[in-house]
Structures are given as C-alpha cells and as structure tokens.
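Across the two complexes that follow, subunit A remains constant while its partner is subunit B and subsequently subunit C.
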Partner chain A sequence: MAHFTKATSMHDWLNQRLGIDTLNRVLATEYWIPKNINFLWAMGMILAITFGMLLISGIFLLMYYQPNVNLAFDSVNYTIMQEVGYGWLWRHVHGVAASVVFLIIYIHMFTGIYYGSYKKGREMIWISGMLLFVAFSAEAFSGYMLPWGQMSYWAGMVITNLFSMGGLHMDGLVEWIRGDYVPAQAYLNRFFMLHVLLIPLAIIGLIGLHFGALRIPHVNNQDGEEVDFDVEAKKYLAGDKANSKVIRFMNDFLAKDMMVVGIFLILFFYLVFYHYDFAMDPVNFDPANGLKTPTHIYPEWYFLWSYEILRPFSTNVGLIAFAFAQVIFFALPFLDRSPNAVPASRRGLFKIWFWAMLIDMIILTAMGKVPPIEPFGTIGFYAALTFFGLWIALPFITMFEKKV
Partner chain B sequence: MKELFILAVVTVFTLVTYYLVEPFAHSHMHAHHESEKFAYKDLPALTKTGNVARGKDLVMGAGACAGCHGIKVAGMPAPMDAVTAAQAYGVNPPDLSNAGAVFDPKFLAALIKNPTHALMLENKFNAKTGKTFPMPQFYGAGGDIDQEIADMVAYLQSIAVPKDKLTANVAFETACGRCHAIHYEYNLDGKLHAPWTQIGEKPKFKHKQDELAFETKVLDYQDSLTKYLGKLPPDLSMYIRSRGEHFLSTFVEDPDNYLKGTAMPRVGVDAVAAEKVIEHLADVGDSKRHIREEVGKNVMIYIIIFAIFAILWKKEVWRDLH
Partner chain C sequence: MKNNSRRGFMGKAFGAVAGVGAVASLYAMKRSWDPLPSVKAAGFTTLDMSQYKENELVVEKWRGKPIFVLKQSKEMLDTEDKNMSEITGKSTGTMDKKRLIKIGDDHFLVCVGLCTHLGCIPGYRPDKKNFLCACHGGMYDDTGMVTKSPPPRGLDIPPFKIDGMKLVLGESSPEYEQMLKDGITLKV
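Let's turn to the complex of A and B:
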C-alpha cells in the first residue's frame, strides 16, 4: 500500500493520488520531439482538433436528430438548420469538418510516405494510422446516411450493393446489412448507431494506440536523422536549448502546432461560413426517394480515388481491384524494402514513385467524379492500372535503392 | 523559406484537386445556362398603350376571364373552389389580383392571345396529341385585338399591388403556389407563417376532424394535379439548397433549359418577381443566411486574432530554441 502524507496543497493532494507531476513530465514537458521539423508535423494536432470539433458539434446535432426515415430529413434540414438556435452552425461545422478532416489525413499520410516515417520501428504508427483511416472512412460513410437525402439513400444503395455483385453474389449479406431489401428504417437505425457510438469508440481507442505507437520510436524529423533522444534531452535540460536537437512537447512543439492550427482555423471557418457547398452536396438536400435515381451518383471527394479503381474494370476484376486498393496502403512498410528512412528527395527512384503515386491518386480522384464518358473512362482506366503498377514496382525499386 | 515552399506545394496540389473535383467535374455533369434576364425574346413586344377602363370591361365582360379566374381585389371570388376547379381543369386557374405585378406584361399579352405558346406547352397540347389546353385563346372582342389585349394587361397592372410592395411570399404564391407545396413553416419579421399547400396556407385547426378534412382536400387537389401533369410537382421547401439561385432562376425563366418537354410551363414572371420567388425559397429553406453572414464575420475576426496570438506565442517560445 502506498504511503500518503497530509497534503500541503491541492496539487500535492492530487499528485499523491494521480501522480500528476509524473504524468505531466512523461506526456508533456519531457516528451521529446525533434527540433528539425516543418509545419507538416502539425497535421496530427490539426486532426486532433478537427476530431474534437466533430465530436462537439456531433453531440449538439445528436440532441435533435431523429433516426427515423420519415423524420430524419426534416429533423436535419428544418429542426436543426432553422429552428434550433445555432443548429445551422453546428451542422455546417460538422459537415465541413468531416470533409476537411480527410484533406488533412491525406496530407498527413503523404507526409509520412515522403519522409519514410513508417520504417525502422515506426511500422505500428503507420498501421494504427491506416486503421484510423479505415475507421474515419466508415464514420464518414455512416454519417452521410443520416440526413436521409437522395445522396444518403443512393450511396447506401450502391455501396451495400457491392457485396451482391460479381461472382460471389452475396445477396444474403446485403439483406443482412440492410435488414431489409432496400435501405430503410432498420438500415438507418444501424448506421445511426455505428455513427454515434461504435465507430467513434473505435476511433478514440485507435487514437490512443496511434499516440502510444509514437512513444518508443519517437517522431521522425525532416532529414531522417537518427537522433539520440537521451543525449539530446540531457543537453536541453542542462540549458543548452539552442544546440539540443530535441524540444519539449509542451510548450515548444505545442506552440508551433498552435500556430499552424491558428492558420488552419482561418481556412476552416472561411469554408464553414462562406464556401460549404463542396462538403454539403446540394443533391442531398432532396429527400431520399427510392423511386427516383439521381442523374449522377458519386461518393464524397475523399472516396473518389478508390471508387475510380472499381469503375473502369469488369465487375469481378473491379471488385478485386477495389478490395486491393482498400488494404494495400497497410502493407507499405513491408513493400518498401529499402532501409533508408530519409526524405523521398534523397531516395532515387522512390522520389519518382512518390510523386507519381500522388499525381495518380489525384487523377483517379478527378476521374471518379466526372461521368464515365470518354476520354475520362480511358484516363481512369490507365490511372487505375498505374496505381497497381506502382505498388507492384515498389518492392523492386526499393530493393535496389542505394543506402544513404 | 523551405516551409513556405512546402506550403506552396501542398496548396497547389489541394487547389488542383479541388478544381478537378468541383468546378471541372460539375461542368461535365450539368449543362450551364446563362439567364436572358427574363427578356422573353421569342415573344412579341407590346406596341399599344392600354386603357385601364376599357381593359376592365374586357376582363369582366367580353374577355370572359372572370368565368374561370377570381379577382379578389376587384371583389370577384373564384367561380369554383380550388379542388373542384382542379377536377375540371387539372389545375386551379389563378386569382388575377396580382398577375399584373408578378408576370411580365409581354408574357401576359402573349398568354391571352395564345396560352400554349406563351407557356411553351405546344408539345403537349396540339392536334397530334388531341389534348386541348384548358384556357382558350382570346380571339378578340371585335376591335383591334392587340389594343384589346394591351387594355386588359393595363387593367391587371392597375389593380395589382405596386411593384415595390410585392412581397416574396405573394410572388411565390401567385407564380408557383398552385402546383408546388412548401411544408416548412417559416419565420419572417417576427411572424410565424404556416406551411403552404397547393390550395393555400394550412390553417391551425382546433379539431382533428377539421384538419383531416383539409388534408383530404389537399390530397384530392394533388390527385387532379398529378393526373394533369403526370407527376406531382415537388415540394420546394429545400430547393434553395438543393438547386441554388442560379439554377432556380434560369429554370423558372425557361424550364426547357434543363428538362426538355417537361410538364412545367414557362411561368412568365418578370425579373423582379423571379427574385422575389427565390427570396421566398431562401426565407423558407435557408432562413438563417443573414445571421450566418453576421456570425461568420465575427468568427473570422476572432480566429484571425487567435492566429496572431498563436504566432506570437510560437515566436516567444522558440526564441531560445534557435
């Protein structure tokens, strides 16, 4: 049993019971971050803050939303948007944050790829990050169902239908997911539960894992330099802050994070108030109607690249390609055979691989949205082939990479 | 410098993606139509100056307008209630009280002379289909037909509410309200307005029976309308967000722009009334737009100040780190 003494202050009282000084040291003041970083290292904090905004705005929306096929549309577009004080603000924040969070996730991912931050002990950071990507995708899709507009309904129809397509023909699974022959009440209730409880719980757990995974290998830096954190920390603590290669998480790193967050929020709130249509598709302001298929059905922008990988092929090949695209990023740390954890600019062919992948995914994204007419069909087809070609080439080009 | 370069790279890729996914993709999905500013160039210009008194005689007498249309401001009730009228004609003929304020005079004249042409319904009502439009053509009352029509238009303009007093909801009710419902209540100038049905505002009922009786009437009316048009015209509650101002304006100007051969007639509103109709749809579907702009301004100011302090804090903290 621990020995407790009479507390001399509130701080001491808490410290004896919770060890807040130790916590503060381990999590903040002596959590060492390399100094040699740029603003891309603040994407994690931006993501945490955006997730916080999604959570808070979501709580307010949850107080008025009605998960019922007859009431859902009006509870969002009338009750929340027009009757509830500032309900429109919560919804715009929620809708815009849901879209912007993916932009930041992609920037965060490509930063990791560029700087090789998934290697040399950082594999679990990458894998937990990819799990977060999957969880965020599921959260975005389930949330998209809730306003029960035309895009909600038809996106739900198309995506659940995927399982019934091709050689497997799993119609039973589709009915099981929907709880009906078409997306209806049971379907809406399930996706409501997933969106407000199960997936957020998973996300919060995964964020814990992601942060935890950073702890032992530490954060990478922009030159891929191997920093001896113990030596550098001693230097810092001895007062030689200028020559130490590390900084404290708090306040040093946090101050830089908050600067980037501040600039990000200017863009974010500009979008919330003045430019929200990109995140709140006009088509979804038509109530769901199972008898009226919209002229164009397309996913939100962040799913377009994988949608386009599905689209240009015959059904079976398309489904396999789609499944491949969903999981292949998980394998990145193992497909990259090079021991170099340095920026792509110093890695020869990998540098070309990186930019080719980024540009290819942007092309896939664009082609996933436009109607499948020529020349877009052909461009999409070759962009999809390029995607696979790049992944197949990755182990080979990295195997022969020179050690730097 | 390096950070600015990285920021430029990230910004360029983000903007290119945005451009491709939004403006570029949408330009390939939806036809774009420029407004002709409600000029109705295909309709002949009015050449005669109308005489209000003679116009009144024609509207009430030889023109035979009052046989089907009510003119409440002139003390003329509609000859039939909305439900019966819709059973007879397919749709309830409009009350003409504010027709002169809402519809373009050129359009009104063309409508009186040849309704299916002005309404652009010749593809539906013609010798080939054997269907006749419920409103007959005006063949003249014995004098100069163009003068007579100009007189009638002048009369309708004289009894209508003055242009600057035309309210958004009256413009909507006159131009759209006999086919389209809006099931959202809306708050305007501190007053709560009832939902709109094709037969008028839905009143508050004390007794369930009365409410059900009203709803039955609405359903009967909608049945006639559906039979007449082939489909019940959509509820417009959220059209300001689902279609946007530009689409609504160019669609109302000429429905054929987007839906070739649609059952929706050209409505013939003038530019001012069209703006009022859209304002009404915004009042109903985007009622918080003013407060959104107001709050938006304040939040932007707050966030910019926050960012400045964040930058200053960073500079302060990093002073000893360099």
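Let's turn to the complex of A and C:
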C-alpha cells in the first residue's frame, strides 16, 4: 500500500494521489526540444489548437443542427445563421477552421518531407501523421454532407459511387454504405454519427499516438543534426544552458510556439470575420435536389489534387490512380532509400524531387478547379503522370544519393 | 509450470469466446448498416408512355433516382441506323435499337439518368441530340450509348415491364432479361 501523509498544500495533496510533479516533468519541463528549429515547427501546435476550435464550435452547432433530410438545410441556414445568438460565429469558425486546417496540414507534411523528419526512428510519427490526414479527410467529407445542400448531395453521390470499384460494379457495397439506393435519410443520419462521434474519437486517439511517437525520437531540427538528447539535457540541467543544444518544452519552447500560434490566430479570425465566404461554396446554399446536378461539381480545394488524378483517366484506371495517390504518402519513409535525414537543400536530386512534387501538386489543385475542357484536361493529364513518375523515380534517385 | 499451462489454456479459452463474440458483433454491425426493408420494398413506378413528345427529354423518378425518358423521332432512328452501319459495316444496325423499348409503334430510351462514371446527371442537348455530363465531360448519344469517356458504359436501363401503353419500372420482363443477356445494360 502506498504511503500517504497529511497534505501540506493542495498541490501536495494532488501530487500524492496523481503524481502531478512527475507528470509535469515528463510531459513538459523535461521534454527536450532542440534549439535550432524555426517557425515551421509550430505547425503541429497550430493543428492541435485548430482541432480544439473545431471541437468547440462543433459543440455549439450540434445544439441546433437537425440530422433530417427535410430539416437539415433550414436548421443550418436559417436557425443557426439567423436565429441563434452568435450562431453565425460558430458556423464561420467551424467552416474556416475546416478549410485552414488542411492548409496547415499540407505545410506540416511538406516541412516533414523537406527536413527528412520521417526517417531514422521517426517513421511512426510519419505514419500516424498520415493516419491523421486520412481521418481529417473523412471528417471533412462527412461534415460537408450535413447542411444537405446541392454540393453535399452530389459530392455524396459521386464519392460513395467510388466504392462501386469501377469495373467491379459493386453497387451493393455502395447501397450498403448509403443505406439506400441514393443518399437519403439513412445516409444523412449515419454520416452525422461519423462526423460528430466516431471520427473525432479516432482523431483524438491518433493525436495521442502521434505525440507518443514523437517522444522517443524527439523532433528533428533544421540542420539535420543528430542531437544526443540525454547528453544535452544533462548539460542543460547542470546549468550550462548556453552550450546545451536543447531547451525545455515548457516554458521555454512553448513561449516561442505560442507566439507563432498568436500570429496564426489573428489571421484566422480575420478570415472568420471578413472572408469566411471562401470556405462556403455558393452552390451549397441551394437545398439538395436528387433530380438536378449542379453544372460543375468539384470538391473543396484540399481534395482537388487527388480529384484531378482521378479525372483525366477512364473509370478503372482513374480509380487505381486515385487509390494510389491516397496511400502513396504512407510509403514515403520506405521509398526514400537514402539514410540522410538532412534538409532537402543538401540532398542533390532529392531537392529537385521535393520542389517538383510541391509544384506538381499545386498544378493538380489548380487543374482540378477548372471545368474539364482543353487545354486544362491535357495539363491535368501530364501533371497526373508527373505525380506517378516522381514516385517511381524516388527510390532510384535516393538510392544513389551521397552520404552527407 | 503446471500453473502456466493452466493460464495458457484460460487465455486461449477466453480468446475463443471473444473471437466468436467479435465475429457475431461485426455481423450485427454490418446488418445495421444495411438498407431498411422499407427502403428496399419501395420501388415501382408506372409511366404512361402516350404522354411523351419526340426528342423532348422528360425526367421521371424511381427509387430516388432520376429516370430519363426520350421518345425517338424518325430522324433519330435513321441516324442510328446510319451510324451503326458505318461502325459494323452491316446494312442496317439493329444493335443500337436494342437499347430502345418499343411500345406500340414508338421507340423510347428509358434509362437511369445517372452518369455511369460517378453518378452525375448528364444534360440532354436536343439540338445536338446527345447527353453531356458536366462533371468530367463524358458524352452519350440519344440512345444512351457512351461516345466519350470517362464513362465506362452506356446509361443503365432499369428493370421494366411493358403493359399496353404503360411501362412499369422495378419489375422485370422477358424483354428486359433479353437486354441483360445481350449485355446492353447492367442489372440495376
């Protein structure tokens, strides 16, 4: 039996029961962060905070939203937007955050790619990160169904049809997913459940895994330096803070992190108050109508690159291409054959690969937005081929990379 | 040692019970996602075929899906014959007409109005006598045959039964079975 003494303070009382001092030491004051990192390392914290804002705004939306095909549209566009006090605020925060979170995820991912932060023990960080990306994509898609506007309905129709697997004609599977021949009440209800319960739970669990995966390898740094965290931490604790290569997560590093978060939040709320419209598709302000397709269906901007990979090909090839694009980033730590975990700028051909991939994905995104007419179709087609070409080339160019 | 093997056995026994339970609950979960019987049972639409005008697309509804009804004009039937003989090299093509439903003396295209690519509703252009799908640019001719990819096949034809001048959707008939056999349409 553990030994308890009469507490000398509230802190001591809690400490005897919960070990808060140990917890604080392990999670915060003796969680070591290298000094040589830049603002790009604040993206993870921005993501965590944006997820928090999605959760809070979502809770308030949930109080008035009606998951019913006859009521959903009005419960959002009339009740929440016009009747509920500050209902518009929650909706705009939720919409803008859902869009911005993907911008930050892409920056976070490409930061990881640039600095090689998916190698040498950091593979699980990368894989859990990709799982988060998939979970966020599912979360965004299911949320998009809820206002039950024209874009909700038709995006739902088109995306669930992907599960017929083209030439395999698995229409039964599509109907099973929908619970009906077309998206209808059963469909709206189950996507509502996914959006407000199951996927957020999965995301919270995955964030825990992502943070846990960071614990042993620690974060990378901008010089590709292999820091011996035990040695550096000892130096720091011995009082030689100037020569130690690391600082405490709390309060030292957090102060820097929160500075970047503060700048982000100012920009974020500028968007929420003055430019929320970019996150709201005008077509979705028409109620869902199963007998009329909008003239031009396109997904939200963050799905455009993979949508464009689907589009220029015939159904089966398109689906295979699309499936490939969805999962290939998972394989990055294994397709990159070079042991160098240093910035791309010092990695020869890989530097070109990095920028080519980034630019190619921007081109794919732009081509996904425009209507399927020439010359955009051809540009999109070659951009899609480039995407595959780059992935096929990756193991070869990294295999022959010089050790730095 | 003895103890260990007893624990091992208990572990395995629990594993077996839990395994059965897991499979059973997965089955229950799968069934809960199935379409409800009421959804499955709703599903017959009767169309009065005497009300349609030539080359004018009418959109009906069956199982929540749009149904295209397009009555063919003489001119449309002639072009189909011509196109088909160009493709097949044979004098008169009957292949294309197999996609049409003959009621009285008239020919109709009756099909599910959802693109076979990813399910958008293609738009009919009466002047060009073809369908264009705005989503990814797929095209179909006036019999619902695909003329430009990405759609992999022509527009699907729902199960139908001819009843005088009426057409019942949702019920099969020898004519429909024949279409399935000829590979004109997939079962929907």
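By definition in this document, the second predicted complex is superposed on the first by the 403 of 404 C-alpha atoms of A that agree within 3 Å, B and C clash if a C-alpha of one lies under 4 Å from a C-alpha of the other, contacts with A are read in each partner's own complex, and residues count from 1 in each chain.
FYI, a residue touches a chain if its C-beta (ideal position, glycine included) is under 8 Å from a C-beta of that chain, and two chains touch if they have at least 3 such contacts.
Keep in mind it's a predicted model, so treat the numbers as computed, not measured.
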| message | If we overlay the two complexes on their shared chain A, which of subunit B and subunit C does A:Ile362 touch? Say first, second, both or neither. | response | first
| query | So, A:Lys241: does it touch subunit B (first), subunit C (second), both, or neither? | reply | first
| request: Could you look at A:Ser345 and tell me whether it touches subunit B, subunit C, both or neither (first, second, both, neither)? | output: neither
| query | Given the touch rule stated above, what does A:Leu265 touch, subunit B (first), subunit C (second), both, or neither? | reply | first
| task | May I ask you to name which of subunit B and subunit C touches more residues of subunit A? | result | B
| query | Between subunit B (first) and subunit C (second), which does A:Thr22 come into contact with in this model arrangement: first, second, both, or neither? | reply | neither
| message | For A:Phe285, using the defined touch cut-off, is the partner it touches subunit B, subunit C, both, or neither? Pick first, second, both or neither. | response | first
| message | After the superposition on A, what does A:Trp154 contact: first (subunit B), second (subunit C), both or neither? | response | second
| Once the shared chain is lined up, is A:Asn70 touching subunit B (first), subunit C (second), both, or neither of them? | neither
| message | Looking at A:Ile297 after the superposition, I want to know if it touches subunit B, subunit C, both of them or none. Which is it: first, second, both, neither? | response | second
| note | Both subunit B and subunit C touch subunit A at residues 295-296, 371, 373
| Of subunit A, residues touching subunit C in the complex | 154, 157-158, 161-162, 166-167, 169, 171, 175-182, 184, 186, 190, 290-293, 295-297, 311, 313-316, 318, 371-373, 377
| remark: Listed in rising order, the residues of subunit B that touch subunit A in the complex are 2-3, 6-7, 10, 13-14, 16-18, 20-22, 24-25, 28-29, 184, 186, 237-239, 241-244, 285, 287-288, 292-293, 295-296, 299-300, 303-304, 306-311, 313-314, 316-318, 320-322
| task | Sort out for me which residues of subunit A touch subunit B in the complex. | result | 35, 38-40, 74, 77-78, 81-82, 86, 88-89, 92, 103, 107, 241-242, 247, 251-252, 255-256, 258-259, 261-263, 265-266, 269-270, 272-274, 278, 280, 282-287, 295-296, 298, 301, 304, 358, 362, 365-366, 369-371, 373, 376
| note | Within the complex, subunit A is touched by subunit C residues 33-36, 39, 59, 61, 63-66, 114, 116-121, 123, 134-137, 149-152, 186, 188
